[in-house]
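What follows is chain A paired twice: with chain B in the first complex and chain C in the second.
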Partner chain A sequence: MSWRVVRRTTSVFLALLRQEVQMIAQYRWWLLAMQASVVLVPLISLLVWRGAIAHGARPPVTTEYLTTYLVLVSVVTMLTSSWTARFLADSIRLGQLNAWLVRPCSTHLASAANNVSEKLAKIATLLPLVVALAIAFHSDLELPTNPIRWLLFCWTLALGAIMVFSFDFVVGTLAFWWDDVTAVDRFRQLITLFLSGALIPLSVLPAAWGPFLAVQPFGYAVNFPIQTLLSQDAASIRDGLAVQAAWALAALVAARLTWTRGLRRYSGAGA
Partner chain B sequence: MNRRNLRVTLIVWSRLLRQAVMRDLQFRSQAWLHVVASVGELATGILPVLILTSYTGSDPAIAHTAVLAVGIFAICTGLTDALITPGLRRFDSAIRRGELDLALIRPVPTFFYAVMRWIQPAELSKCLSGAAILIAASLTYQLDLRPDAILATTIWAFVGTVAYSTFWADLTLLAFWVRSIEPINDLAAAWRSAGQYPRQYFPRTVQIVLVSFAPAALIGSFPAEQLLDPSTALSLAPVVLIGFCTVTVVIWRRGLLRYESASS
Partner chain C sequence: MPSPSHESSPVIAAHNLSRSYEFFRQPTGLSGALCSLVHREPTRVQAVDGLDLTVESGEVIGLLGPNGAGKTTIVKMMCGLLRPTSGSLSVCGYRPADRSYQFLSRISVIFGQKAMLWWDVSTRESLRIHCSMYEIPPADFAATVAQLGELLGITDILDTPVRNLSLGQRMRCELALALLHRPILLFADEPSIGLDVEAKLVVRRLFREVNQALGTTIVLTSHDMDDVEALTDRIVIVTGGRATFDGSLGALRARTGLPNEARLDEVMAKAFHHDGDRA
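And then the complex of A and B:
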């Protein structure tokens, strides 16, 4: 890729980003309602688990771990989430992809700009809610002070976001072959919700599930980034970093493969 | 509503149902995937509850209530997700794009048509799974279910289903006042999930909210409690029902006054 292409791509991306931010700023209530729903699910889990512990339940993790995990989970889930499949599938089905295919830049810039800009707007709405939650449960909150852990957290967040975006993209490209991919997308979201640890920490799942949970990709989107802050086991974090990188690479390759194969089937007026 | 209107409404509803079934038959693979996803949603709901109860050895009554609550919750949410929530989820765009006009000009109650127009029969599979959970839980825990307890549970589950649907509708009707409020549906769905956990686990204030203002417990844990101990007076049920429906009717009428066809 030449310097000129990089410059042009960056310029288009920034223009799209600005446009998306301006558009999303028009929907303030939309943002607030969405982020409130994102916080609500872990909040319910948090209240229930604390209530269960108060009633004598003995989960394999401490109250401090559960509280910190469930306070952080909404931020991590939001930052690693992706919603491009539905829009990509629509643009393939309705032939709207044409407009992007003829432009002298990547077809995926719009999806990427939409993802980044919405996350910027969402984090601005979500953070006050999470801070309020953290203040309410501050006595049981245990966050590390070591900056290396926070750097690792940011790195795993970025890789998790790339992995989820790529998997989402793969689901969207299925529209090259199928008319309707909404059920597949719903299924993916469902699996991600449970196996990523967005609903409950993977550490409280039965120990027998351990080997499966360690290799499945979804846990590396939400559970693993939080583990880099909370886990004391350096070896498991080191292994996790390698597995996460491998899954992110595999997801990127899968996205590239389905896109190039699918594009051959695309017929302009719709797939 | 007179007898003729009622007849027309029932005919329209049956046609809408037939149309929805035909749609699912046309897109069979998607319909099956929706069935699987629907059952999967139920599984993601029940697994956290089962995992939670597996760590609670001290009070078996709570564990029983928890599993029964998941079964009742599945039946109630299966019904609403098949008949009501698809329409509520489209309500925001119907108002923003002026599509509500189509409901206003029809000779049936507008609210009924706007909300019940979109039916997803595949979601009813959740009801079957919920019934299976209830039967399995009753056999496993060897529960001695009395007829009055079953009646109380059925009545409260019905009241809860209507009450929570009206609460959800109240939130959705904010679309008359606020531009683009579609994620309010996710908020209502997220809060609804609190209904499948035993009420005792929540702080006192949240417990009160769960059976009053935002009645998520009425579609899960509360009817489950009635199955084991039918102590709440049934005379309260119509009061709750009328109360929630009245609030929705008032909001609907106020909102409709603001509606300006293509934009509100």
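And then the complex of A and C:
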């Protein structure tokens, strides 16, 4: 890729980003309501777990681990989430992709700009809510002070976001072959919610599931980035970094493959 | 920014171009729907069948035909949206299906039924995005936006969100977006749909100016015969996926045997009917 292409792509991406931010600014209440709902699920989970522990339940992790995990989970889930599949599938089915395919620009740049801009806006509204949660449960909150840990956290967040976006993209491109991908998308969302650790930490699942949980991709979107801050097991973090990178690469290759194959089948419905 | 060329090689060269669609037939009735759960009947439709067409630089051609004749499929192949099933196609010297930057930055497409503008922001913002995409120098960008704004009468609405524009205003803004990078080849699919009489005249005048001043080749598909009469030098009638007539409007009138004062709608209807029977 030449320097000129990089410069042009960056320029278009920034222009699309600016356009997306302008659009988000017009939907302020939607953004606030959405962020409140993002915090609500881990908050309920946190209250249920603390209630259970207060009544004598003995989970395989400490109260401090559980509290820190569930305070962080809303930020991590939001930063690694993607919502492209439904929009991409609709644009393939209804022929709206035409408007992008006749432009000298990557079609995926718009989805990426939409993803990044919404996350920027969401983090701005989500952080105060998370800080409020952290203050409320500060006595049981244990966060590392080592900057290397925080760097690892950022790296795994970025790879997790790339992996989720790419898998989401693959689901959307299935619309090149199938008329309706809603069921696949819902199934993926359900599986992701459970196996990523967004609903409950993977550490509290039965120990026998361990080998499976270590290789399945969804945990590398939410559970693993949090583990880089909370886990004391350096070997498992090292292995996890390799597995996450492999999944991110596999997801990118799959997205590229389904896109190029799918385009050959595209009929550009309507005008 | 590419500038229109007047090279001797044709802008569009299609030889034996074909395209078919494959899909599953939808059975009628509840029993048919239940049967289709276990057995589906594949169907193949030949939308374009051995088309030969050459368009020279600077021409304005009307690609016309009855509904389902294959003209939209032809345009989609020419602008790189669809891959031909067989045959060869060269547009601006490139293979459209490759969708290279060089090719896509030389063409422009106006879909009367589909918006190219971003819905939730102003036209100026859409123009800025295209400025980055087509690598238009800032000085050229400012001058072209001012020129198009004045010509199309949209200077006052450039900062209005597109969703708040009327259909006619939106179509004028769509035109500005399509012409911003000065394409060599412009595909216009129903470009005057929804426009009032005055706006239609403006659009026609603009197309003529763009064609004459910049040598832009225009491929027009429209059911508005006034557009066709006002703009096109050459008419290609597509029936059954083939070009069944290629010539001037005068030649078409003579071919149908209708008097010179006959309305173009009547001429076309007779030509479609005649060519449909032959196809």
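We take it that the second predicted complex is superposed on the first by the 269 of 271 C-alpha atoms of A that agree within 3 Å, B and C clash if a C-alpha of one lies under 4 Å from a C-alpha of the other, contacts with A are read in each partner's own complex, and residues count from 1 in each chain.
Here is the rule we use: a residue touches a chain if its C-beta (ideal position, glycine included) is under 8 Å from a C-beta of that chain, and two chains touch if they have at least 3 such contacts.
Please read these numbers as outputs of a predicted model, since none were measured by experiment.
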Judging by the criteria at the top, classify the pair chain B and chain C on chain A as clash or fit. fit
For A:N98, decide between first (touching chain B), second (touching chain C), both and neither. second
Please work out whether A:A124 is in contact with chain B alone, chain C alone, both, or neither, and reply first, second, both or neither. neither
Who does A:S11 touch here: chain B (first), chain C (second), both, or neither? second
Contacts for A:V184 in the overlay, against chain B (first) and chain C (second): which applies, first, second, both or neither? first
In the superposed arrangement, does A:Y266 touch chain B (first), chain C (second), both or neither? second
When the two structures are laid over each other on chain A, which of chain B and chain C touches more residues of chain A? B
Answer with first, second, both or neither: which of chain B and chain C does A:A57 touch in the superposed model? first
First (chain B), second (chain C), both or neither: which does A:Q19 touch? second
Look across chain B and chain C in the superposition and give the shortest C-alpha distance you find, in Å. 7
Intersection of the chain A residues that touch chain B with those that touch chain C: 26
Help me check something: in the complex, which residues belonging to chain B touch chain A? 27, 29-30, 33-34, 36-37, 40-41, 43-44, 47-48, 51-52, 54-59, 62, 178-184, 186-187, 189-191, 193-194, 197, 200-203, 206
In the complex, the residues of chain A that touch chain C are 5, 8, 11-12, 14-16, 18-19, 22-23, 26, 95-96, 98-99, 101-105, 264, 266-268, 270-271
Note which residues of chain C are touching chain A in the complex, please. 21, 72, 76, 79-83, 99, 101, 104-105, 107-109, 111-116, 118, 120-121, 125-126, 128-135, 189-190
The chain A residues in contact with chain B across the complex are 26-27, 29-30, 33-34, 36-37, 40-41, 44-45, 47-49, 51-52, 55-59, 178-180, 182-184, 186-187, 190-191, 193-194, 199-200, 204-206
